[in-house]
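What follows is a set of structures for review.
Shared between the two complexes below is chain A, which has chain B as its partner in the first and chain C in the second.
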Partner chain A sequence: MKIEELLNRYFEGKTSCTEELELRKFFRNKNIPEQLRVYRPLFLYLDQEVKISKEKRTHSSKQFFFQHRLINAISGIAAGILVIISIAGIWQHTSTTPSTNYVIINGKRYTDINLVRQQAFAAFQDVKTSEDETLNLMFE
Partner chain B sequence: MELKLFKINVLPLRSKLLNYAKKYSDNPDDAEDAVQEVMLKLWERRNDLEQYRNIEAYAVTMIHNLCTDMWRSKYTLNLPLKDIEETDGSKIPERFVEIHDEMHLMQEIINSLPTVQRTIMRMKDIEGYETDEITKITGCSSEAIRSNLSRARKKVRDIYIQAIQEKKRRK
Partner chain C sequence: MRKFIRILLCSLLLACSTEIYAQKGLQIASLFQKYGNRKGSTYVELSKQLSKSWDITHYQSLKLTKVEKALPDIYRCLNADRERAKKIKEVVADGQLQSGYYQLPPIEKSINRFILFRLGKKGDATLIYIEGEIDSDDLVALMFSKE
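Right after this comes the complex of A and B.
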């Protein structure tokens, strides 16, 4: 199709995006017929704006992709920390429970639960005060 | 806001805006024009729309303001809207003659177009949307799109030719 014909269709609003690209490409050339030179600034301007628009779109999609990845990474790290804390909690609970009850007699450590209870009961008996003793202490 | 989100959040508001505009205007064509303009303004501002909690309230405010402006300009000048547009474009502004850089001049000419024409021209010529896609986005008929596009392009061409002729005349 001749450029003049394409231009007419352009100004009637009848061209497709492909035809408009063809027009922009044509007007990128410096050697164009005299009668068509008047249209060159318009198509050069549009060409420049198309490039800027594409760059903006690429930038915003890159930014969106980056944000998406950042959110994913942060979520992953947070989930990882949570898992580590949970595992550490469970490990501490299971590993420390048996060794928490012990008694040391003559420098030797005993973990037998019955012996521990017996010794603890004896210790409580030592520090126990009767009601009379408590009253005496209060009103002495 | 991407095209997909725009279609979901903004396009369904069209009928509501049209009903609102019809209450304000005695001419259904003016109501349709107002809705087209608001839809195109919303498209132009699509990247900022996510910051509004209620897009519907924002759109209704836009149509309210636009209808009020249209009503004022119509009745204070007592001219039909079409005539107002025609008289506006009859003489080129002085600032166009004073711009030396052609790219800058083109930008200024396109920016001076009425919102509907400017936005449709940008969508078609810069953002690369086909007429069918613009029809879906704005809800305007394809003939209305073609007509506005044609008027916009011809206006840009004519103003540019007038500006360079005026520059040559002054030299």
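Right after this comes the complex of A and C.
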């Protein structure tokens, strides 16, 4: 009998997955020969274990898939933000670089280049510190 | 391969955006922005050459006639930026910075950067930022020129 042969091979550890599946299918039936009924609980248990582990694998692969998609989405958003920042930086850099010459006095803007230069030199005069001033500071 | 290309692209973008902000990374930039438009202030921005004789390609200055409220801000920014300076000269009286000269590391091969600060006797203050090929000796000469 084929099932008995399979059983002998199973207990010798020589069965393939297909053969074990065949054994489990056979023992799912309620009508099995009396001499083989003693093995039914074992194969029913094994059948249950296989079902549980298949369910776990499906669930964890769904979870992994979802996590993977989430990570991809977040990286995509981060990359997009980085692109926007870079473009804004480049635009700001290029828009302010060429000849910005102006002076703002009490909130009012002037672009007369002579006035701008005059105010620039006036500022230089303000930051001068002469030797006399330094000596005065030391000996006040 | 696709992963490598993505990583490379992200790294390039990151380098690009940080490079752009490197030269504007000084704290004093915030002072020009904050106080430049106010009453009692004179803000100058000059990108053309300041004068034919001096190699200054970028100039910003801020003069505040009443600097009392802005002074903590100014000191905070100068303290932060002086950390990067390679040359510092300061005059401090009664624990308060009166004047400062800071030479920062160049941004490109020969583009030097300087910060100048002076607290006036009448409650005013002047802050200057300069970029250009001008060196420190020429800058001192410029400061004392009557042009």
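Here is the rule we go by: the second predicted complex is superposed on the first by the 90 of 140 C-alpha atoms of A that agree within 3 Å, B and C clash if a C-alpha of one lies under 4 Å from a C-alpha of the other, contacts with A are read in each partner's own complex, and residues count from 1 in each chain.
Basically, a contact is a pair of C-beta atoms (placed from the backbone, for glycine too) under 8 Å apart; a residue touches a chain by one contact, two chains touch by 3 or more.
Predicted model, so just to flag it, every value in this text is computed and none were measured.
Engineer: Look at A:83 in the shared chain and tell me whether it touches chain B only, chain C only, both, or neither; answer first, second, both or neither.
Structural biologist: The answer is second: A:83 touches chain C but not chain B.
Engineer: Count the residues of chain A touched by chain B and by chain C, then name the partner with the higher count.
Structural biologist: Of chain B and chain C, more residues of chain A lie in contact with C.
Engineer: May I ask you to decide whether A:53 touches chain B, chain C, both, or neither, giving the answer as first, second, both or neither?
Structural biologist: It touches chain B, and chain C stays clear.
Engineer: For A:106, decide between first (touching chain B), second (touching chain C), both and neither.
Structural biologist: Once the two structures are laid over each other on A, A:106 reaches chain C alone.
Engineer: Looking at A:12, would you say it contacts chain B, chain C, both, or neither? Reply first, second, both or neither.
Structural biologist: first
Engineer: Could you say whether A:124 touches chain B, chain C, both of them, or neither, answering first, second, both or neither?
Structural biologist: second
Engineer: In the overlay, answer first, second, both or neither for which of chain B and chain C A:38 touches.
Structural biologist: First partner only.
Engineer: Between chain B and chain C, whom does A:116 touch in the aligned arrangement: first, second, both, or neither?
Structural biologist: The second partner, chain C, only.
Engineer: Considering each complex separately, which residues of chain A are in contact with chain B in the first and with chain C in the second?
Structural biologist: Touching chain B in the first complex and chain C in the second, no residue of chain A appears in both lists.
Engineer: Quick check on the complex: what are the chain A residues that touch chain B?
Structural biologist: 10-14, 16-17, 20, 38-39, 41-42, 44-46, 48-50, 53
Engineer: Which of the residues in chain A come into contact with chain C in the complex?
Structural biologist: The contact residues of chain A facing chain C are 79, 82-83, 85-86, 89-90, 92-93, 97-107, 113, 116-117, 119-124, 126-129, 134, 137, 140.
Engineer: Considering only the defined contacts, which chain C positions touch chain A in the complex?
Structural biologist: 6, 9-10, 13-14, 16-17, 20-21, 36-48, 50-51, 59, 61, 63, 91, 93, 98-99, 116-118, 120, 124, 126, 128, 142-145, 147
Engineer: Okay, in this complex, where on chain B does chain A touch?
Structural biologist: Those residues of chain B that touch chain A are 102-103, 105-107, 110, 122, 124-131, 145-150, 153-154, 156-157, 160-161, 164.
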